[in-house]
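Each of the next two complexes has chain A plus one other chain: chain B in the first, chain C in the second.
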Partner chain A sequence: MTDKHIEMHGVRKSYRFFTLDDLSLDLAPGEVMGFVGPNGAGKSTTLRLAMGLVAPDAGEIRVLGQPMPAASAIAKREVGYVSADMHLLPNATLGWHMDFVKSIYPGWDAGYAAALVKRFNLRPGQNARSLSLGERIKAVLLLTLARRPRLLVLDEPTTGLDPVARHEVITEFMDVLHDDSRSILFSSHNTVDVERISDRITFIDRGRLVESSNKEDFLDRWRRIQLQLPEGAALPALPDLVSRNQDGRFVTLVTDQFSDGFAALLAPHVREVQRMSLEEIFVANVMRHREVRGS
Partner chain B sequence: MNTVIRKLIAKELHVNRLLVGIGVVAGIGSTVVAAFGPVGFNIGALTWLSTIIGMGVILSLYGIMNERKEHALEFVMSLPLSVAGYVRAKMIGLVLCFFITWSVSVAAALVLVFAKDSVPDGIAPYLLLLSVFMLANFGVVLGGTMLARNEGTTTAIVIITNMGVTLFMFIVAPMRGIREFMWATAPVWNSTFWAVLGCELAVLVISLTLPLLIVARRRDFL
Partner chain C sequence: MYSGINISQTDARPMYLQIMEQIRARVAAGDWPPGKELPSIRALAAALNVSVITIKRAYLDLENEGVIVTRHGKGSFVADANGLAGELKEAQLQEHLEQAAGIGRQLGLTSEELAKRLRRALESK
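Let's turn to the complex of A and B:
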């Protein structure tokens, strides 16, 4: 019996024009994994596989120790799933939805639900059909968070939200993290949101996992280095270069293995060493991955 | 049957309550209208038929297709429920919604037949066969909509089943065992009646069972 909240090994899922291939990842209790990829990278497919909404063609998936999709009904008792596309039942009010979900989940936290209604400025009497985009996402989140799930699977939950609504939603996620036994798998192409709440980040592109690592590790390892070479000088052979752009004597290098030793190799020529944002790391990583795969 | 399935069945009754209420009122109202002379009978009979057929189509399209189109299905499937559980809850919930309108409308029509002297009681078996045919027809629309992956297929199923009602009238009404006793003073429950009823019930059972066997085994539900 494993204590991982999500385990995927060698998962493959093929569609006519897209294949998610050889995906392996795991999520430990208390961990927040930001799942980052461009549009069409396979983020939603991965999350739907985790929720048992689609079955893999190959590989193994376990969520909270349960095999998916075979035991999805059992696993989903303790999983909260939210996607940006998700709508409530159009002919019912938010209040009805709250009563409905409460009647299914014994762990429903009525006090927390009431607090979220207030914090998100929602009206329980409002019909689901008349909710704006922001209200709809907040309503779905309310219905999910008040169940107090052990695992939250969030498929681009902040897409389309204005900055204030995004702040409110992200703050609630951070609140969830006060409890070490809960975990979040959070997909997005908004790296700012991911960087804010994740402690582990996984990049995916064109159906393949590019890299998965600790957030701090990513931010520590990746650097952009600007050099000015003397006239006629050549760069020494450098390991672990992700990219290199040269314009006359000015060179810009990107490395994913920055260290003091690396800097020492270039010391006399270095003009500036810059930390990279998660977005820059993501783009550089994806571009390298595509180059390596020859596409 | 687990709690989630029971709650989802209750959910169907809740979200469709207005539609079911309108159907019940229309079913009874059309029967009342049918009691007032030949013109009233024609108008009432047409409204009665349209109510039952329309109810079946609206429930299937609204309850299944719209839920998918409007992404409310993702919300439902986020609940602790398997695909098989969802299909079972949806089928039972919508059949119950339809059954309320259908049974009240059929009961009202039978009351009209037996209470009104100008309408021969012998028409009751034909009325029952027509009613059960529409129930089976609903089963086909419901099962077909559940199995269909696109709107085009669902539309085709609706058109074909609607034509089926007319075909039923053309084929079953002239049957010897039906036609000969339609104007009798008392209903005749002969072998022709039972054979047609058996066929209708078989279609109903198959159409409601197939989605449970097929959809529940699909590898990609959403």
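Let's turn to the complex of A and C:
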């Protein structure tokens, strides 16, 4: 037994045109993990596996200590899952949906639900059919958040939201984490959101985990270094290069193992050492990963 | 809800450094006096919509600098080391003087001319 909220070990799931393989990750209570990958990388498949919606071909999955998918019914009581393909009943109102969820989940917090209705600018009397895309996403999030689940699994929760709605929704996610026994796993294309609110970041590409690490580590280790070499000079051999681009005497290096020692090695030639945004790190990481895998 | 600290997306510095700088400024200005309790890590993370690990990093580095002290289970407080605010001001003064000296050099001012300008600035206050 561990107190991890999510544990996946050596998980494999094969479909006709896609295989998720050798996936291992874990999420501790109180943590936010951002799950980042290109379209079709396997993000949704991974989240569906974690929710017990599909069974793995190999490997082990535990959520809130329960084996998945065997105990999915038990775990799901305390897990809130939101994905883009969730539908509301078109002819029922938001209020009806709230009553419905309340009747199933004993943990429903009516006061919090009412506060969220206000903060999200929703109207309980409105039929789901007439909600805008942004309102529909916020309504589904409300129905999930007000259950106060210990674990939130969110598949692209901010996709389709305008900047104001995104801000409202992210504020609620962060509010959840006042309580250090709760955790969030969310996937997103929006690397700005991921960079801002994640404690840990996991990159995935073409069904494989590329890297999973503490966010501050990621941002500390990656640097783009611009060099200007003297006439006729060659670059010293350098370990830990992710990429290297030379244009005459001007060289651009990317490393994921930056340290003061690394900088000292190049010191006389350095024009600039730049930190990289998560988006830049993500792209460089995926490109290297694809090169190594030979495709 | 505490929201006086801002995170800029166009600032090249990482978020934890931006947070540290703004806390240091409040301590140096005396707005956050010695002994004042800082927001808890989770409360500040929620207020700024920034990850817990980022705030942890900022607090840890501020602690190493001696700006704040963290007592386990009790929270973080502005350090009451003697003259801490003074030390921060001192560092700030040094930085500004160096900048002024650099600009003076670019303008081709002699040391005497620059000193004269500083004296004039003091008198005009």
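In this text, the second predicted complex is superposed on the first by the 295 of 295 C-alpha atoms of A that agree within 3 Å, B and C clash if a C-alpha of one lies under 4 Å from a C-alpha of the other, contacts with A are read in each partner's own complex, and residues count from 1 in each chain.
One rule holds for everything that comes next: contacts are C-beta pairs under 8 Å (C-beta built on N, C-alpha and C of every residue); 3 or more make two chains touch, one makes a residue touch a chain.
Small disclaimer: the values here were computed from a predicted structure and weren't measured.
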- So, after the overlay on chain A, do chain B and chain C clash or fit? They fit
- Task: Scan A:Leu219 for contacts with chain B and chain C and give back first, second, both or neither.
- Result: second
- Between chain B (first) and chain C (second), which, if any, makes contact with A:Ser83: first, second, both or neither? first
- Message: Just checking: does A:Arg271 make contact with chain B only, chain C only, both, or neither of them? Give me first, second, both or neither.
- Response: neither
- Query: Which chain, chain B or chain C, is in touch with more residues of chain A?
  - Reply: B
- Go through the superposed model and pick first if A:Val54 touches only chain B, second if only chain C, both, or neither. first
- Query: Thinking of the overlay built on chain A, is A:Arg293 touched by chain B (first), by chain C (second), by both, or by neither?
  - Reply: neither
- Task: State whether A:Arg249 touches chain B only (first), chain C only (second), both chains, or neither.
- Result: neither
- With the two structures placed on a shared chain A, what shortest C-alpha distance in Å links chain B and chain C? 26
- Message: Identify the residues of chain A that lie in both the chain B contact region and the chain C contact region.
- Response: none
- Note on the structure: The chain C residues in contact with chain A across the complex are 7, 9, 12, 14-16, 42-43, 45-46, 49-54, 57
- Note on the structure: The residues of chain A that touch chain C in their complex are 30-32, 167, 170-171, 174-175, 177-178, 180, 192, 196-200, 214-216, 219, 274-275
- So in the complex, which bits of chain A are touching chain B? 48, 51-55, 69, 72-74, 76-77, 80-83, 85-92, 96, 100-101, 103-104, 140, 144
- Item | Parts of chain B lying in touch with chain A, wherever the complex brings them together | 3-4, 7, 11, 14-16, 18, 66-67, 70-72, 74-83, 85, 219-222
